[in-house]
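Take this structure, written in structure tokens, and hold onto it; I'll ask about it next.
Chain nomenclature is as follows: A, B, C and D, assigned in order of appearance, with residue numbering initiated at 1 for each chain independently.
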Amino acid sequence: MERLEEVMRELRGFVAEREWEQFHDPKNLAMAVASEAGELLAEYRWVSNAEADTYSMGDEQRRRIAAEAADVGIALLLLCDRIGLDLIEAIKEKIMLNRRSYPVEQSRGRWRRPS
Amino acid sequence: MERLEEVMRELRGFVAEREWEQFHDPKNLAMAVASEAGELLAEYRWVSNAEADTYSMGDEQRRRIAAEAADVGIALLLLCDRIGLDLIEAIKEKIMLNRRSYPVEQSRGRWRRPS
Amino acid sequence: MERLEEVMRELRGFVAEREWEQFHDPKNLAMAVASEAGELLAEYRWVSNAEADTYSMGDEQRRRIAAEAADVGIALLLLCDRIGLDLIEAIKEKIMLNRRSYPVEQSRGRWRRPS
Amino acid sequence: MERLEEVMRELRGFVAEREWEQFHDPKNLAMAVASEAGELLAEYRWVSNAEADTYSMGDEQRRRIAAEAADVGIALLLLCDRIGLDLIEAIKEKIMLNRRSYPVEQSRGRWRRPS
């Protein structure tokens, strides 16, 4: 079994044991994704772009960042599971769309969508 | 190769072709995670809890929700890749911590952390 | 002086005393707005729509919600101040735009933008 | 009447005409605050700290940033109005708390909360 499937199975068990499915409708889980993303964001709020890579390597910061990234991932996986969406499949499709929206030649070194 | 690794490899290629590593420091990627999470959130903003499951099944909504969930996933994977963090491992560790913070008996059917 | 101007003056003093202008470029302040909004969101994450009004009245919750709403407001005011934007003026203009985007007749009782 | 009160009165009229109070429970409005904050954030996502002030002055960007800041402000004011919270008062109280959490001497030029 893939590691992602394994972790998904663990998450389902964690939620079921606590009878938390009642709180986990897609609206609440989308809120969980966004509030956890806000906490991840808070880690980098006052750190400059130039310092952000080094900052991420500090032991204490790394532990916190890993925990926040995990929280976002957990909420996102629970949401996808709840609505029967295969996240990996959705990402593959989005990459295909992005290839069309950002053609290599017009997008090289530029972050704006070509108009 | 696991599907997650495959998609990660595709993402790395997508970014490298466009020379976007220069924009993808951890601070900017954390902002990307949060702004994409805000778009996912917007999908459910005016939908009630009671309607959220059914809402997620509508064809048009589903397509949009899948795209937004994918965007969050992509940004999160890029961030983890940038700082050398194994997201699946981080999730497993967080689940272990959550098991301690939310013991089954005190947490059943209750969303508050036991004090 | 209007209360909003008074509070703005207080905020400027608070920041200046601590020499925090160096951290308060518009990018960082936009991150502060979003991460504080994530904390406000977290307050309502597991509360249903039906319970949200009553929930907001509980003493302990109210104290927390007030603090989170204030944090969003503070970050937003600091951002507007930094870029020389009159927030009240911007809101008035946005209401005018919204009146056009959501004409009364087509929008009554419907949250979708008329197409 | 203060400009803030004026704009609040306008917002109430805008919502009432469209019979949108039914969507505007505190949970949904907190989601609106966060999703609008995500859009504001998106404006600065790929802009570096060093460029953020200049970026905010460009005509086209300024128009967009003003609209996003206004959207956050509108959602926040609607939420406060819904739960009967005086935002300015809440901000004043939060500034007082912040004065205690970040004493001038220990906080000068440092963004971390003194431990």
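Here is the rule we go by: a residue touches a chain if its C-beta (ideal position, glycine included) is under 8 Å from a C-beta of that chain, and two chains touch if they have at least 3 such contacts.
Nothing here was measured: the structure is a model prediction, and the numbers come from that model.
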{"item": "A-B or B-C, whichever has more C-beta pairs in contact", "value": "A-B"}
{"item": "Equivalent interface positions on chain A and chain C, same or different at half", "value": "same"}
{"item": "Cα-centroid distance, chain B relative to chain C, in whole angstrom", "value": "25"}
{"item": "Chain centre separation in whole Å, for chain B relative to chain A (CA means)", "value": "2"}
{"item": "Residue list for chain D, restricted to those that touch at least two other chains", "value": "23, 28, 31, 34-38, 41, 44, 46, 48-49, 111"}
{"item": "Touching residues on chain A, where the partner in the complex is chain B", "value": "2-4, 7, 10-11, 14, 17-20, 22-23, 25-28, 30-31, 33-34, 37-38, 40-41, 43-44, 47-49, 52-53, 55-57, 62, 65-67, 69-74, 76-77, 79-80, 82-83, 85, 87-88, 90-95, 97-99, 102, 104, 107-109, 111"}
{"item": "List of chain B residues in touch with chain C within their complex", "value": "31, 34-35, 38, 41, 46, 48-50, 111"}
{"item": "Of chain C, residues touching chain A in the complex", "value": "23, 28, 31-32, 34-39, 41-42, 44-46"}
